[in-house]
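Letters A, B and C name the chains as they come in the text, with residue numbers starting at 1 for each one.
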Amino acid sequence: MLFQFILNGLTNGSLYALMAVGVTMVYKSLGMLNFAHGDIMMIGTFIALTIIKLKVPLFASLIVAVLATAIIGFLLERLILRRVEFSSFINLLIATVGVSYILRNGAMVVFGTNPQRFPSLFSQFPVNVAGFKVSPQSIGIILVSLTLIVALHLFFTRVKVGKCMELASSDAQSAAMMGINVSHMRFLTFGISAGLACIAGALIAPLTYARPDMSAAIGLKAFAAAILGGIGNLWGALLGGIILGVVEALGAGYISSAYRDAFSFLVLFFVLFVKPTGLLNRKIENKL
Amino acid sequence: MNKKFWLVIVLAAACAIPLAVPNDYIQQIVNMIGIYIILGTGINILTGYTGQLSLGQAAFFGIGAYVTAILNTWTGAQFFVCLIASILITGAASLVLAIPALKVKGPYLALLTQGFGEIIRIVMINWTPVTNGTAGILKIESPRIFGFTFDTLTRYFYLTLFFVVLGLLYQKILIESRTGRAFIAIREDSEAAELTGINVTTYKIRSFVLSSVYCAVAGTLYAMMIRYVSPDTFIANTSSVILWTAIVGGFGTLIGPIIGGVVMQTLPELLRFCGNWRLVVYGIILLIVILHFPGGLYPYIQKLLAFFKRKGSR
Amino acid sequence: MALLELKNVTKRFGGLTAVEALDLDVQEHQIAALIGPNGAGKTTVFNMITGAYHVTEGRVTFNGTVINDEKSYNAMKPHKIVELGIARTFQNIRLFKKMSVLDNVMTGFHSVSKAGMFNIIFKPSEMKREEDENRVKAMKILEFLKLQDIANSQAGGIPYGTQRLLEIGRALATRPKLLLLDEPAAGMNSSEKKALVKTIRSIRDEYNLAVLLVEHDMELVMDISEDITVVNFGRRIAHGTASEVQANEDVIEAYLGRSDD
């Protein structure tokens, strides 16, 4: 049992991590939580589903959907958030909440409110490994998520564009002085973040079905994971996602599965109360 | 003197509203405007004046409504008992949220309050023996006060109006008092406020609890008007609408919540012609308002009024 | 006994020592100054006096009460210290910008008045009386600072020098026994500075309080201060009257050694 719970926890946790990475990237460059991140994931999932229904092969559909979602991310940045950039943070936050509202209600109209089956990249039939039942789907999700996060890390540390993006979001002023186009870099950040969300959605949907309201809980958990690990920190997002997934799975398994989501929010409360800077970020002395 | 005169005129006009309402459908919208003005005033105090963002107001609204629904259907408790119980329990819940909320600010606070809203909704859905799960609670009685039953929507309008006026009046006096200045000082610069002798911690808690009390009153009014509560009403969308109610009118202005309540409740009705797309169009319009009128509509309405005044005096 | 007494006060941030073993006294009714080159730790000292920072070692006593101490349970919250009678202004003005000038001063009365949220319902007349009294007192402070004509303007919109005065007005409303001024002359021209010296002296006499100021303008400091403490790299290098300090070798070196000051 315990093994099964932990495997479930790792599976969900790596998905939360994938979402949290997107949240963390955008936070670093915008200084703001993107409250529409979960809804971008949901839209990406439905785009993928729509293409799949056109009898396009699964893998090709996903690639197209990721690109399309990335474009939505670009548009969000260019059409909306850029316009509120210089006004107050409350307005920026409310703008992302507004986008979330529009995307969610729009999806309900276009795709309907009924849950829809979503084909999986991996087999869902469990295999016996050394006496434990392991589903290839779980292993696939964990591997894909880990691979993407490691690849992203390499992109930010080894590839020139990635390095520029990293600098532009952590220190916009010096980046601009070095001739980096900060605004283009932010544009890219939003695109990559949205693309990752689409992949996360396509991995989650076979487990939960595609629904317009799939975004709310997962979006919140992505924030929780990002903050738990220490916002702005890639490895923090991974760590936070996995801790959250495992805590939630254990809580659901041993206490009550109806309150599964509540456990992650309680973790979030606890983190914000005890160490708002997260696990991997250093504490900064409160300068009153 | 002049001000009091206008106040009486406005109140009289408000009392006459039901005369102009053709049917119950519209009367219910008008009553909902009242309930949202109360909700908007609550978040206006918290976010507009004290600067503490909340995306979880629907939770307090919901707790208020559920406490009323449960008390009334289980024990037959009447309006004032339900109201006081709602206020006490919602206030206690807001204290629980205020403790972690004190440690964080900005987007983290928004997130914390949103998470709280989700937890409350999960409890509403799953604590079936008490909340009756997703089916909700039916057959809540209409309020009876001193033998008078508010069983029609028109009668209910006056009950709602009473609390709207009370809520707005309290907001006005509070904001112009020592407490209100402390709230605004915290919004403007919380560190300078602390160094001016304001106990920032307790005043943030007060603001939180006070805004939840407004939600509790609105919740009681809502439950006894619709006479049915279910978890579907108290979702994240509702929290956003409550926040917008205060923003669209003008955050941190005394009559912002009135403008917001009217706009936010009538707009979806005016957009009926959009069919299924109406909530999407609604969202887009609100987004445009936020982008182009960051201070809300109130300053523009003020300018417009000043313009007419100048024209009139000529 | 001194009104304010810092004894052997040290403040470290991580490995960095901002203030080391500092002694500082301010007597009642005295105008004292704390000077030193940039980054000498002067603002850190203010932050320890007002309770914004905890001291790492040593003790701060005000009027016989310990207000900040290495044992953190002895350290008072900033708003409590304001109630005891220490008020401050800020180097980079921190008014409540969207409030009126009058309301900024009224906010200063917070710790010396009582009305709460329930008084509105239960004791409205008492609340109104207190509010009226405070408004009269606030207007008196504004008149004293010659700001009465702009009482209803928005604080964020008045000129820079006036904002500095208003900050002093807000601080005076808390009825301080000690007023801390953080670079009160910054951004002022020479005639404004002369007026400021007069204002500070008359505040001291009118409100019967002590003043401790941090200031870069040496002429102003030497002109106004009765007692000067010089710090460099977080340590006290000299202490005394203006002429004593000016003759001190260490002080001359500290200032002339740094051409940027």
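Simple rule for what comes next: contacts are C-beta pairs under 8 Å (C-beta built on N, C-alpha and C of every residue); 3 or more make two chains touch, one makes a residue touch a chain.
In this text, all values refer to a predicted model and were calculated from it rather than measured experimentally.
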item	value
Middle chain, criterion being Cα centroid separation	B
Chain whose Cα centroid lies at the greatest distance from that of chain A	C
Pair with more cross-chain C-beta pairs in contact, given B-C and A-B	A-B
Gap in Å, rounded to a whole number, between the CA centres of chain C and chain A	48
Length of the line joining the C-alpha centres of chain B and chain C, rounded to whole Å	41
Where chain A and chain B are represented by their mean Cα positions, the distance between them in whole Å	32
Set of chain B residues in contact with two or more other chains	191, 194-195
Where chain C touches two or more other chains, by residue	52, 78
Interface hub residues of chain A, defined as touching at least two other chains	288
Complex contacts: residues of chain B adjacent to chain A	47, 53, 55, 99-100, 103-104, 106-108, 110-112, 114-116, 118-119, 122-123, 125-126, 191, 194-195, 236-237, 240, 243-244, 247, 251, 276-277, 279-280, 282-284, 286-287, 290-291, 294
Interface residues, chain A side, partner chain B - complex	27, 32-33, 35, 80, 83-84, 87-91, 93-95, 97-102, 104-106, 108-109, 216-217, 220, 223-224, 227, 256, 258-259, 261-262, 265-266, 268-269, 272-273, 276, 288
For the chain B and chain C complex, residues of the former touching the latter	170, 173-174, 177-179, 181-182, 184-185, 188-189, 191-200, 206, 210, 252
Touch list for chain C against partner chain B, complex	50, 52, 77-79, 82-83, 87-88, 90, 94-99, 103, 106-117, 119-121, 127, 130-131, 134, 170-171, 174
